[in-house]
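A, B, C, D, E and F are the chain letters, set down in written order, and residue numbers restart from 1 in every chain.
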C-alpha cells in the first residue's frame, strides 16, 4: 500500500495555472498534488558568448527551492555562496530536456531561460519543473510568433517528465515525498509526445533492480506522461 | 498626477493570504497591488552560536527576489555566488524591524527565520516583506502558544512598514515601480502600532529634501501603516 | 551623564589633516575624538561599464576597518572572502551621500573612488568617513580644475554627516563607542550645507522612539554638521 | 563505420595497473584505450558529521580532470574557485555506484574516499572511474581484512560501468571521444556482477531514441561489463 | 647613480612611532623613507585548532595594502573575494620570520597576530612589515610580562628585514619603488641580531646573478639590518 | 646518518619519461626517487589581457597535488574553493624560473602553460616540478620550431632546481619527506646551466643558519643541478 492510498499507477492531481506572474514572457504555477513549482520563461536577445554570431538561439534552465519549500528549512544557496551538486544536476537536465524539442535555428539569436522555483516540495520537483517549463516556453514562443519576431514554430513537440520508483518492492508512479525518501529505486523519465525518450535515469537507492523492473517503470512513465501531455494541452489552449 | 491615477495619500489594495505553504510554521502571500511577497516563518530550536545557553531566542530575516520577479530577468544570487549589498541591507532591516516588537526572553532558546521571497515586484518589496513577515511570525508564535511551547506571548505589538517619496515635487504614499524609479526622494518607515517609530530612512535620490517634506512623508507613512495594521489584524484573526 | 562627561549637544574634537598620503589625488586623516579614518580620493579615467559613452562621471565609496581598529581584533574581510552586509551598507551610503552634491556631467567621463579606511574606531566611523571623503573629493577636484581637466566646478555644496542617538533617555550628539553600544536609538544624518537633508536614518535599537525625539535628533545633527562644515572649510582653504 | 574501425560491440583494450601509488590504501591506473584514470582509495577513521556515532561507515567519490588531460587545456577548478556541475554530477554517481555493493555496517565507522583523477581523456572517463574505483576499494578493503580491522567482507559483489551510445544511427559500445562528441544518444550503465542494474542513464543529445534502442544499449552494456568484471578479477587476484 | 641620489649602501631614513593606535596590545607606524606600514600586535587567548591543548602559543602575520597606498589604485582584496598569491606569500614570510625568535612554549596557549597594513608604498613593504612587526610584538610581550601573564621572556633576539637588489648592474641597499620596478635581481633578507640568517631570498627578475653578487647583497643586508636593529632598540626603550 | 642511508651529497635516482600524455604539446613524468610529477606544456595563441598586442609571449606555471599524493589524504583545493598560499607561492616560482631562460619576444604572441601535477610526493615536489617543466617546455618549443611556427629558439639555456637543507646539523642534498619534515633549514635553488642563479631561497625552520652553512647548501645545489642537467639532456635528446 502507498502512504497516500493511491493505486501503483495512479498519478496525483495535476493543475497548471498559466500567467502566474505578469513580467515573464511565459509563466505558470504547476502542481503535482502538494508539489508546486513556479516556472517562468524569459526571452533575451543575448545568447551565451560561445554561440554569438551563429544566428542560433539557446534554451537553458535554472532551478531553486525556496528555503522553506521543504519540511525543515534549508539554507539559501545564495547565502552559502554556491549551488549544490543536486541543483546543478537538475538545471542541466531541465535545459537538455527542453532543447530536445526546440529547433535552435528557428529560434533566432535569442536565449530563453526557464526558471523553475519550487514554492512547495512533496517529491517530484525536478519532473514537475520540466513539465511546467514546457508550458512557460510554449507561451513565450506563442508571444514571439504573434508579434512576428519568429516566423516558424521552433517547438516540434511536447515534452513532459515524471518520476517513478520501486516502493516496498512494487513499481509505482509519481512518487510523493514519503515514498521518495524510502524507495529502493528511483527513476526519472523525460518523454516526448509520440513515444520517444529524451532522458531515462534509474538509480538504485536501496537494492539494485533488474531489466524487467526497469521496463515496468518505463511503462508507468508512459502512462503518467500521457496525462501530463493532456494537462499541458489544456493549459496552453486557453 | 501619479502614473496609476492614485491620489497622493492613496495606498494600493493590500491582500494577505495566510497559510500559503503547508510546511512553514507560519506563512502568507502579501500583495500591495502588483507587488507580491511570500513570507514564511520557520521555527528552529538552535540559535546562533553567540547566543547559545542564554535562554533567549532570536528573530532574523532573509530576502530574495525570484529572477523574473522584475521587468527584466536578474541573475540569481546563488549563481553569482554572493548576495548583493542591497539584499543584505534589506535582510538586516527585516530582522531589526521584527525584533523591535519581540521579547527574546519570552521566546525561549529558539530562532524564528522570516523568509521573504518576492514572487512579483512593482515597488515597495522591502516594506511589503516586513508587513507580511509580521503576519507569518504572529501565526508561528500562535502555534507555539497553542502547543504550550511558549507560555507568555513574546510579541508586544504589530509592526508594519510602508514606502513613500517625493514624486514630481509632491509627497506620495506607497510608491509603485514607475514612481520609485524616478522619485526625487524615497523613504521607508517601519512603525509600531500605537504611534512609535522603529525605523525611519529617507534618501535623496534626485534633489535633497527639507525638514517639512520629511514630516509630510512621515505623516503619509502613519496613514499608510494604519491600513496595514487593519489588514494584518483581519488576516491573523481568521 | 555621558560616559565622556560631554554635554548632550557637545561634539568631540574634530581634526582634519590633509595630504596624509602622497599618491592619492586627494586625501585626509579625519578624527572625531579617538575615531580616525583615512580618506583618499582616486581619479580614474574609466567609469563603470553601464555608464560608458555617456560623457558623465561617477563617484563611489569604499569602506573598511583595519583588523585592530577595534577593541578586539576582527577577521579581515579579504581573508573571509566576502564583505559583510554592514560594510556594503556603509559603502553604498558614502557613494550616495557624495553624489548628492556632485554634478556628474561636469565631472566628465571619469570615476572618483573615495576609500575610507578606519585606522582607529570609537563610534561614528561611517559619518566620519562621509565628512572626510568630502574633503578628499574637494582636494581631488581642485587638482582637476587647476590642471584644466575640468572647467566648471562639479561640486555644488559641502556635505557632512554626524551620528546622534538616544542614550539613557536623552538625545545626544556624536556618539562614541560606549554610548553607541548601549543606545536606545541610533541615527545618522547626512546634511548639505544650507539646510537640506541628503539622508536621514534613525533606528530603534532598544526601545522605539517618537516623532518628537526624532526631531530633537535632527536638531542636534544640524548643530553638529555646522561644526563639521567649518572644519571642512578650514581644511580645504589651506 | 566507427572512427576507430571497431565493431559496434567491440570494446577498447582494458588494462588495470594496481599499486600505482605507494601512499594510498588501494590504487590503480585503469585504461580503456587512451582514456587513463588514476583511482585511489583512502581509508580514514572519521565519517561525515551526520553519520557519527552510528557505527556505520561511508564510501564517497571525488573526480577531477588534470588540466591537459583533454585536447585543449581546461582551466583548473581550483583556480576557478568552484567545481563544475558536470564534476559534481560525476562525483555523486561514483559514490552512489560503489555504495550499491558495500554494506556500510560491516565497514565500521570509517570513510573510504575514492579519488578518480583523469590523467588522459578519450571518452568514457566517468565509467572508467567507477570501474577502477571498485578495484582500489577492493584492495583497500583486502588490507583492512588482512590487518584484522574488518572481520566480515563488506563488499557483496563487483560493480562496473560502461558507456554506450547511438552513433550514426547504430548502437555502439564503449564510445571514444570522436564518437562521444557527435553521438545522437549517450548512455552510461552501472551494472552489478550477476545481472542487476545499479544505475541506467540514457540521454538524447541529437535525436530522441525509442525503447528498442534503449534495450539494445543495455544489451551492449551487459556485454561490456562482463569484460570489465574479468579485468577487475585478474587485477585483484594478483 | 640611484634615482634618489643615495650611495649604493645608503639606507632611507627609518622612523618608528610606537603606540600609533590605542586598542592594540602593541603597535607602531614604521617608515622607510616614503614607505609607511602600520603594524599592530593583537593578543588572543585562542590558538589555531591544530595547536590546542599543547600549552604552546602561536605567532602569525597578516598583510594588506590600502587600495591607494600605491601610484594607481588597486582593487580591494575583500571586494575581489580572495587574497592574491603575493599577499599570502608575504603573510607566510612575516609569521615565519617572527617565530624564528619566539619560544612558543614560553608564550603559553595564546596567539599573537601581527597585522601589517601598508598606508603608503614606495618599495620594501614586506621587509618594513617584518621590522615593524617585531616592535609591535616586543611591546605586546612587554605588556604580558608587566601584567604577570608571562613570566619568562619568549623573545630570544631582535629580527629585522631589508631588501636589496642589483640595479643597473650595481648591488644596492634598501630599494625604493623606482629601483624595485626595474632591478635585475631583487633580494629580501631576514636577519637575527648576532649574525644568523632566518631567511634569504634572491630572485633574478631581469638577468640571473652569480654567487659573488649574492654575497655582496648579503653584506649590504647585514649593514642595513644593523641600522634597523638600532632603530628598533630606540623605539622599544622609550 | 640520513634516514635513507644516502651520503650527504647523494641525490636520489632521477628518471624522466617523455611523452607521458598524448594531448599536450610537451610532457614528461619526472621522478626524484619516490617523488613523481607529471609536467605538461600547453601552447595557446592567447596571452594574458595585459600583454595583448605587444607581439610577445608568456610562460606561466600551475601546480597541484593529487589528493592522495601524500601520506594522509588532503582535501582538494577545487572542493575548498581556493588555492592555498603554498600552492600559489609554488606556481609563481615555477613561472618565474622558466621565464628566466626564455626570450618572450622570440616566442611570439602565444602562452605556454606548464602544469605540474604531483602524482606521488616524497619531498622536493616544487623543485622536481621546475626541472620537469623545463623538459616539457623544451619539447613543446621543439614542436613549434619543427612546424615553423617559431624561427629562432627562444630558450637560452637549461634551468633546473633542487632542494637541500640542514638535517641533524649536516647540510644534505635532495631532501626526502622524512628529512624535509624535521630539517633545521630548508633551501630551494633554481640554477641556470653555466653557473648563474635564478632563485635562491633558504628558510630557517628550526634554528637560524649562518653564511657558511648557506654557502655549503649552494655548493650542494650546484652538484645536484649538474646531475639534473644531464638527465634533462638525455630526456630531450631522445
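The working rule: a residue touches a chain if its C-beta (ideal position, glycine included) is under 8 Å from a C-beta of that chain, and two chains touch if they have at least 3 such contacts.
A quick note: this is a predicted structure, and the numbers were derived from the prediction, not measured.
S.K.: With a step meaning a move to a chain it touches, how many steps does the shortest path from chain B to chain D take?
M.R.: Shortest path length, in steps: 2.
S.K.: Common contacts of chain B and chain E?
M.R.: Common neighbours, chain B/chain E: C.
S.K.: Which chain's mean C-alpha position is the greatest distance from chain D's?
M.R.: C
S.K.: Measuring from the mean C-alpha position of chain E to the mean C-alpha position of chain F, what distance in angstrom results?
M.R.: That pair's centroid distance is 28 Å.
S.K.: If you average the CA atoms of chain A and of chain F, how many Å lie between those two points?
M.R.: 51
S.K.: Distance-wise, how many Å sit between the C-alpha centres of chain C and chain D, to the nearest whole number?
M.R.: Result: the chain centres lie 59 Å from each other.
S.K.: Where does chain D touch two or more other chains at once, residue-wise?
M.R.: As it turns out, chain D has residues touching two or more other chains at 81-83.
S.K.: Beginning the circuit at chain A and going via chain B, which chains come one after another?
M.R.: Moving from chain A on to chain B and continuing, the chains are A, B, C, E, F, D.
S.K.: Of all residues in chain B, which touch chain C in the complex?
M.R.: 82, 84-86, 88-89, 91-92, 96, 100, 192, 195-204, 208-211, 214, 218
S.K.: Quick one: in the complex, what on chain F touches chain D?
M.R.: The touching residues are 21-24, 27, 34, 38, 40, 42, 44, 62, 64, 66-73, 76-83, 87, 113, 115, 117, 119-121.
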